[in-house]
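The two complexes that follow have subunit A in common; it is paired with subunit B in the first and with subunit C in the second.
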Partner chain A sequence: MKIRNVKDVAQLLDRRAGSALGRPLSILRTLIWVVVGAYVIGLLLPAPKVVLAKNYYNHRLTHLRARDLVLDKNDPRGWQHLKRNPHRFTIAWIGGSTIQKVDPKHPGFVPVDVMRRLPHIDGKPVQINMYLMEASRTFDLFAATADALRTKPDLVVLDLNPIWLFNPNDIQSWTNFNPAAFPSLVTDPGNWPLLSALYSPSDVALSLASGHLASIRDRWSYAKKLREAIDKMTPLTEPPPPAPGGPKPTGLEYIATMQEAQNFWNYYRNLPRNIPSPKRYPAALMQAATDGSSLNDMIVSQMLDMMGDSKIPALAYVSAVDPSTLTDPAVDAALHRIEDHLHAIADDNAARTLLVQWRSGTRLVRGLKFRDMAHMIDDEPMVNELTETICSHLAEIDSSTVCTPKPRKASP
Partner chain B sequence: MLNFDSFEFFANLFVVLAVLVPVYRLVTNVVARRILLGLVGVYLLYLIAPRLALFYLAFWFVVGLLQWVVGRTAEKRFGTLIFAAASVAVLAPMVTWKIWTETFVIDFNLWGNSAARTLMGPWGDVDLARDIILPLGLSFSTFRAFDLIIKTYLGALDPIRADEVFFYGFFPPVQLIGPVIQYTEIRDAVRTKRTRVTDDLREGLLLVVSGLFKIFVVSYPLQSSSDVFGALDQNSLGVLWLELVLFAFYFFFNFAGYSDLAIGASRLLGFDIGRNFDWPYTKTNPQSFWNAWHISLTGFFRRNVFVPFGGMRERSQYRAMVLTIMAIAMWHDISIPLLVFGLYHAAGLVGHRYLLTKRQPPADEPLFRRVAKAGALFAFVDLSLPLMVVKANQIVPVYSHLIGVS
Partner chain C sequence: MSRPKLDLGTRVPRYLVEMAVGLVLAALIVLALVATVGSVPFIYQGF
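So, the complex of A and B:
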């Protein structure tokens, strides 16, 4: 019998395969077998384990009680959880590149430096679980915060970068978090409008399937392994990558090289090419929409509400910006606008366990040194401020908390 | 950026279908059915980027108006003029995109985003988080719209109502990569209550499985063959030819796989859409190859270029053939490589037709002869595929390398 089209295949199934898929029950049975098959594949062919220690930042955290939990930006598993140790005081610290210290000689992390000043809380060694997402935007922070709260840490600290907090031009960057964060976000009906806007049906389906089927959950690892195997099989020798300094692509080729949609909007509209590099962050900060016209308001409000509802001690603070940029009155006014707007949203979502430090770190401490508007070279003043804020907040929630920071370093 | 993963569209479509198929089957009101399917189409475009959904809403609104005006004026003295103006209006976005690609893509995204943010308020912020996109599906929408305008003008179809335009314009499975359906292909199925639901589900699922197999099992491992055109200096002649052959299979199975997904999804909803590929690499002459390759598109050009230009008449058949294949080539891209591609295949088609007039092949050819002919035709087609990928200044280097002169 010649197989020319799908009807021929159907006839073949009728004759040779007991009319498979020919009746509703048969279709259902087949679908069940597909699910069982996916389950068995997950058992028989486990995906290669993600080694957190190989993560870019974790190289710098060896021998410390701190780990960056965030996986590759394309990995739909989002992050990897560590087994909770009840003998440690776990702090989940969420933020973007602003929680780094970018001193070229001594790079570091704000949370780790806080841990150094505050090695024990309530007699337990402090453990830092970092959710460090480069170029994270407000919805990314929301997704990571939801996950962090789900792991029931002892304290959640959230770094809010004022440059992007209310910037309507970029509300989400780490879309791979969608499936991973879904179980944490869907339980609150207040989040549903946001989920309907930013999630796709496949995000939801894959998230649900990932909860039960390892072969679906670990698809990124399988795909990576498969790609590597296929690449080994091809006889084609790839050309060497273009030498740096070669002709810069233009037009569509240039757009094709852009990593983020934001690059396009900035290049062609929001921060046009003629804005010099040092002015780009201040220009982005000034784009903040604080009149209620941005979706960020809803995201921030839901995020603070979720933190308060969790009853887990939580601190949200606005990261510091380079004080020298505030000499421009327009930039200073924009930062005030952002702070006041956050203050109003925080007041609407006030909770006993939640402290929102709505003033930027720049307003609270002196002596900060920056590489650019957002990234600190020396984080010590900010670390001191945060350490003391954490202790006072924990003591306010529970006066029996033992939180004694190590003494500050003596000023030179 | 600018590389949208078509599978993402289908992944969303199939998840939606899990809910849509039973709901659609339960709804008996025809208008409600049309609106339901149209809304799903809009939603799927919104998921790619809200600006894309808005663009197509505007596009099909204009098409709906134009087909109504064309239908009403077809018999009038100035009817032809109106038809011509409507045709220009419908083709304009696609032609602009093909000629001024860079400007069109940039402005399409910038203007579309501004419109999304103006119309959607805070929710317009979502558009900025979506990737920068080419006007995905514009060719297929243009062909569907143009087909509707022509049929209305010729009186083959009465002007259709707004809900019908919405349904036809946003019929979910064909939004992104075709096939180029005609309104008559889906018109009746939405009206009738299907009695053989299980057959629809069975055939739809089989087509979906076939599509997934073609995409992931056959085509995905061959994907790296498309890098061959950028790696000419690094590879031997044998490897270049091997990769060119593999590229031909990658190209076919990838496209045919996605067509199967679209046709299978339509079938799950109870719509019978014709196949888009009929094993073209097994054909033995250029004419049957083009009758088996991207059938819905060649059908569109046959109806709207080949026949009107006298393809069915002996005297003008060669001219019609050349014009048709050139139109197909230029649709891919208005560029020198595609011009060469068109001329190359036009030569094949004209040569084949000319030989047919001289000597008809025997009705029952032996197998080895058919295999030899299919092999020769595959080589003929495969040799033209680089022209679909390379730029004008790469034509000579690519073909020089393929013949070992570099």
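So, the complex of A and C:
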């Protein structure tokens, strides 16, 4: 056959390939082969397993009944579950960097310190499943809480950082949670406006595909393995990290140290660049929108509603901030505004099993020591407060609960 | 009763091409998804 134009080529291909992909049914069969192919790849090339004990924080939790379940910030699986042990009292503790103790000599975690004061509840050893998300924002807490509730723990504790709780300029940071949290969130029509605002179509498609296709679900593990192989071949090298204790880099050098677009946004756009470092947290706190105009309100409302509906005992508390920052009347007023707004939303979503401690820990305890506005060096007063709140809340829900904290440490 | 015409001469090449295109597409899609996930471990560097 002599080929003179495109039509001739199409005819030739049709003849040789039996008109494949020429009709809707043929396209459908091809798509089925795509799904079969992705499934078979997952079977033939299983991804290396995630070793939870090797996660960034878990090496500090060896020999403790506590684990951080959150995977890498780029891993679309979001978190890994531990098999629930019915012989333990499981507490799912969700929060950002504020649930850490950042003492350089003795770093630790608020949930672990609570567990030390409260090793048993109802005669069962306490197990802490942490969802620790550095730089978490309100929607990240919502996604993690939805997952935690699905695992049916005995108690859910949620740390709300007032700096970001109602900040409309920074609603979400852990976008990798989107595919993982979709199945939990989509079942409640009240969440649909949030999903339409914060999800992309690919989040939904990949979430659906991840349900049964390991090759798509485990792509972070494949990518890690592939990167390790490629790194040996590449002539490119990473820029050296800035010298510790040296001057803070600026300009392009500083941008090179940023790991995500959010850093760039916060540094160059969200807050004025001339604000010195210690003032950045109060400046972010004062951005809180408490007039009902921001998406944060809907997130917080849905989150508290979901916690109450679950009937699982739950405590949501506002983390402490450095009391010295409240000497500025504007910062103190902003924190009051945030607390009052949370109080109003909590009242709208009241439930017997849910306790919302809407006042910041700073208002409730004395003697806190901080590195900066948000991060505690000494968490003992807050740990004491939370331990006792947990026990009183559990006793209020069920008076037969046996929850007796170890005595407080004697003051030096 | 007459036997149905299977017309295998036309259908078999079509089915084989569909399978080949589908499997190649699956491999490319998985590869693209793997290549677009950042796997450098994230370590928080402060606000």
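Convention: the second predicted complex is superposed on the first by the 354 of 412 C-alpha atoms of A that agree within 3 Å, B and C clash if a C-alpha of one lies under 4 Å from a C-alpha of the other, contacts with A are read in each partner's own complex, and residues count from 1 in each chain.
One rule holds for everything that comes next: a contact is a pair of C-beta atoms (placed from the backbone, for glycine too) under 8 Å apart; a residue touches a chain by one contact, two chains touch by 3 or more.
These figures come from a predicted structure and were not determined experimentally.
J.: So in the superposed three-chain picture, is A:279 touching just subunit B, just subunit C, both, or none of them (first/second/both/neither)?
T.: Neither: A:279 stays clear of subunit B and subunit C.
J.: Quick check for you: in the superposed arrangement, does A:56 touch first (subunit B), second (subunit C), both or neither?
T.: second
J.: With both complexes superposed on chain A, which partner does A:224 reach: first (subunit B), second (subunit C), both or neither?
T.: second
J.: Considering only the touch criterion stated at the top, classify A:235 as touching first (subunit B), second (subunit C), both, or neither.
T.: In the superposition, A:235 touches subunit B alone.
J.: Going by the touch definition up top, name the partner, subunit B or subunit C, that contacts more of subunit A.
T.: Result: the larger residue contact count on subunit A belongs to B.
J.: Using the touch definition from the top, say if A:65 reaches subunit B (first), subunit C (second), both or neither.
T.: In the superposition, A:65 contacts neither subunit B nor subunit C.
J.: Looking at A:359 after the superposition, I want to know if it touches subunit B, subunit C, both of them or none. Which is it: first, second, both, neither?
T.: neither
J.: A:251 in the overlay: touching subunit B, subunit C, both, or neither? Say first, second, both or neither.
T.: Only subunit B; A:251 stays clear of subunit C.
J.: Of the two partner chains, subunit B (first) and subunit C (second), which one does A:172 touch, if any: first, second, both, or neither?
T.: After superposition on chain A, A:172 lies in contact with subunit B alone.
J.: Quick check for you: in the superposed arrangement, does A:265 touch first (subunit B), second (subunit C), both or neither?
T.: Only subunit B; A:265 stays clear of subunit C.
J.: Using the superposition on chain A as set up above, list the residues of subunit A that contact both subunit B and subunit C.
T.: Touching subunit B and subunit C on subunit A: residues 21, 30, 257-260, 263.
J.: What part of subunit B is in contact with subunit A in the complex they form?
T.: It is residues 1-3, 8, 11-12, 15-16, 47, 101-102, 105-106, 109-110, 113, 121-123, 125-126, 128-132, 198-199, 201-203, 205-207, 210, 220-221, 223-225, 227-228, 230-231, 233-235, 239, 242-243, 267, 275 of subunit B that touch subunit A.
J.: Which of the residues in subunit A end up touching subunit B in this complex?
T.: Checking each residue of subunit A against subunit B gives 5-7, 9-10, 13, 21-24, 27, 30, 137, 139, 168-173, 175, 197-198, 200-202, 204-205, 230-231, 233-239, 251-252, 255-265, 268-269, 292-298.
J.: So in the complex, the part of subunit A that touches subunit C is made up of which residues?
T.: Listed in rising order, the residues of subunit A that touch subunit C are 16-21, 26, 29-38, 40-41, 56, 72-76, 97, 134-135, 206, 215-216, 219-220, 222-224, 226-227, 257-260, 263, 266, 280-281, 284.
J.: How about subunit C: which of its residues touch subunit A in the complex?
T.: For subunit C paired with subunit A, touching residues are 10-15, 17-19, 21-27, 29-30, 33-35, 37-45, 47.
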